[in-house]
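Order as written gives the chain letters A, B, C and D; numbering starts at 1 within each chain.
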Amino acid sequence: MNVLVWNEYRHEKENKVVSDIYPEGIHRTIAAFLEKEEQINVKTATLDEPEHGLTDEILSETDVLLWWGHKAHEDVKDEIAEKVKQRVLDGMGLVVLHSGHFSKVFKKLMGTGCDLKWREAGEKERLWVVDPTHPITEGLGQYIELEEEEMYGEHFDIPTPDELIFVSWFQGGEVFRSGVTFKRGRGKIFYFRPGHETHPTYHNEEIQRVITNGVKWAHNTNTPTHVYGNQPALENLDK
Amino acid sequence: MNVLVWNEYRHEKENKVVSDIYPEGIHRTIAAFLEKEEQINVKTATLDEPEHGLTDEILSETDVLLWWGHKAHEDVKDEIAEKVKQRVLDGMGLVVLHSGHFSKVFKKLMGTGCDLKWREAGEKERLWVVDPTHPITEGLGQYIELEEEEMYGEHFDIPTPDELIFVSWFQGGEVFRSGVTFKRGRGKIFYFRPGHETHPTYHNEEIQRVITNGVKWAHNTNTPTHVYGNQPALENLDK
Amino acid sequence: MNVLVWNEYRHEKENKVVSDIYPEGIHRTIAAFLEKEEQINVKTATLDEPEHGLTDEILSETDVLLWWGHKAHEDVKDEIAEKVKQRVLDGMGLVVLHSGHFSKVFKKLMGTGCDLKWREAGEKERLWVVDPTHPITEGLGQYIELEEEEMYGEHFDIPTPDELIFVSWFQGGEVFRSGVTFKRGRGKIFYFRPGHETHPTYHNEEIQRVITNGVKWAHNTNTPTHVYGNQPALENLDK
Amino acid sequence: MNVLVWNEYRHEKENKVVSDIYPEGIHRTIAAFLEKEEQINVKTATLDEPEHGLTDEILSETDVLLWWGHKAHEDVKDEIAEKVKQRVLDGMGLVVLHSGHFSKVFKKLMGTGCDLKWREAGEKERLWVVDPTHPITEGLGQYIELEEEEMYGEHFDIPTPDELIFVSWFQGGEVFRSGVTFKRGRGKIFYFRPGHETHPTYHNEEIQRVITNGVKWAHNTNTPTHVYGNQPALENLDK
């Protein structure tokens, strides 16, 4: 399974708080724990590479793409966002992390505003498992607790998810649908909320577990490709 | 309830088969049966009017929009399609008819290709009710039978619908999810398959019943408007 | 629309805290605000009446049933619970309140354990609207706040709901899917969490609003009745 | 993965048409193709064994149970059906085949009547894939065609499925939701329609593929076990 971890990679270069937590960038931290999985080959790509590191060749070879972006969504070229979207519809898995909810790719795939409430106060978050059948929850307990995170609160302006896996409780009084899946075309999408750049969230082993599980879940397993357009009848049309 | 019936209105001017069935246009036939409902005020709009008849003023006054388009989807201006989409997210109901599956408005709201199989052979279609709780099926029997229709076949490349109401059987061997609903933002969307321009489908009383029910269902009933963005805490954040 | 409010009606007779809040019983408080709706005729029934007040005649005339039970679920006769379940499958709406999650009727209709976490500590609950298209949220703001309620926490062992309308935040650190809908047969079911007997929840106007909306939503509107069993072919079966 | 194939095993002993197709019973035909999978250990059990072959020990060791029953649903003891249901809620996967829709186990888990239309006319069935992301469709084309099968027609009286994978077209004019999934407790359930005893359906390689995929999908992967009941607060409840 070929996995590509895409990161905006701007905060880490500009903010010492962030670079202290993620010295090589969020993408390298994520790549490092994914690489421990035998069946996963990991590459990374970042916004400021040519074509954002998302050439046709790389995209066509990618089975599952992870996306972390925040302050520079507008710097992603429209035609590349469109290509990524098409690749998802063709069967590439997509794991959208935290502020990726506002990325061009996610918004194009959702068709809604994808807006939400937020607050940077380093408050406590508790992610409750509400779907105890889902392979993305493999190996977890009843909830994940994060001592300090940014708050995201409802209403989260997304389509009704295909599956609701995690619901977050926040110290400040809000709730959020923090782990949700969507099917689009032949592609499977997992959105996972936590991961603000000023907190060490991606060093948390339970969070790593969820992301690893999510990558495996999002991998399309040679499902059918449909033909569209004008078709001859399969049965006799005589009256 | 203010309802706007939007029609491309090109086939009717160019093809005698179509104009014989819908002399004043598909929009006028649809408007005529909707007008029989006491609580509904009906207006119509067509592609070749200024701004496609979809000015800000008209859109802001519209509670439910019906959309029929087929051969001229590309002639709908991007900025107007975007405005209609935003108005749906803000709470306007949307009833998308037949080939409107490929309209800019529907594709933007779905985020998928919205493609399907099709065949113009005037074959038999039978729409089975699979959700006998749904108000859109009020007054119907177990199925609706249409002697002659265009075929649409799976796979229909849409997101998982919120509700599946009708599944069609076609004489030529295909099936299709013919009546489906979606929630997007504060807006409710009903897609209803039948209605090829060369068949008298919109004169069928059961089809009229479904569309009328769909319009009533899609009407947003003063539900909450959410605030997004940065928010103060509702609870004490002390540790 | 004929509405029947069913209440266990035991706490009110045994506990002064409860009878101070609901002197005539929870059912009478609920009936009182439903009666204000012009199109609704309200009756009540309680556990200790003959046949629990749920005779065949009464059930057959009821369009929507509300159910409040808590400490005496086992005293409801199996055959009556079964009859109520069948009536729901035949099209009667059902609004299940608070501890009714553990009633025989609800458990039979769900097929799961319907268990949950709970705590009686009079803590704060905030019910967030997560589906701003739903008619059950008509007239509400972004959330409902209750100063003192019993806590119910995830995991709530129900089938995936058809719709998720409210998610609760609790002061003690839990979340809960507090407003959910299900379709079963021709019947529509709304489960609504708040309403512990020692708190004045059913005197809260927003809670009353939700219950009233829920009753209207659950009313089946003359949808199709299906025929089951052996059927002749609708089409020619020659090869 | 320990898989148990349960079969009523009555038709095969009483009807030569059936025993010619399945000389050792439907369960042995199914077991034979499942045994080809390296990670699967297969056992079988039948109705007329002591405790129907479903002792506590066997059930506790079973990861995924397949169920084929038809004419003798009533001969399954209530307490054993209840034990199987509980084991599903505890995490055992369940694959329900064909006329198993009317088994006690399935009906208890669904909470609905589970009825449908049917006709034994040996007509053509075409199962269309409507969810091209689903691992249960791995390795398939756009549809599966069966020259001769019993017809099952809508309305299928089940709860809204979590996922709709196959929709069948029947020569005689009906449609059916032929491949559907449900989550109940910690258990995953796959219902798959084809498999009438007088047709060689379980010898069809595509049908075998779907059932094998279904077994793998239904296997719970060590997801969380929730605690229910009275709980202390996780946060300070001071006002």
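The working rule: a contact is a pair of C-beta atoms (placed from the backbone, for glycine too) under 8 Å apart; a residue touches a chain by one contact, two chains touch by 3 or more.
This structure is a prediction, so every number in the text was calculated from the model and none was measured.
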{"item": "Chains contacting each of chain A and chain B, listed by label", "value": "C, D"}
{"item": "Option in C-D, A-B or A-C whose residue-number contact pairs overlap B-D by over half", "value": "A-C"}
{"item": "A-C compared against A-D, more contacting pairs", "value": "A-D"}
{"item": "Per Cα centroids, the chain farthest from chain A", "value": "C"}
{"item": "Distance between the centres, which are taken as Cα means, of chain D and chain A, whole angstrom", "value": "33"}
{"item": "Averaged-CA centre spacing for the pair chain C and chain A, given as whole angstrom", "value": "36"}
{"item": "Multi-partner residues of chain A (at least 2 other chains)", "value": "126, 129, 131-132, 142, 153-155, 160, 162-163, 171, 173-174, 183, 185, 226-227, 234-235"}
{"item": "Residue ranges of chain A touching chain B (in the complex, touch as defined)", "value": "85, 89, 108-113, 115-119, 121, 123, 151, 153-155, 157, 159-160, 162, 171-174, 182-185, 226-235, 237"}
{"item": "For the chain D and chain A complex, residues of the former touching the latter", "value": "91, 126, 129, 131-135, 137-142, 162-163, 171, 183, 185-188, 220-227, 234-235"}
{"item": "Of all residues in chain D, those that touch chain B in their complex", "value": "126, 128-132, 142, 153-156, 160, 163-164, 167-170, 173-175, 177"}
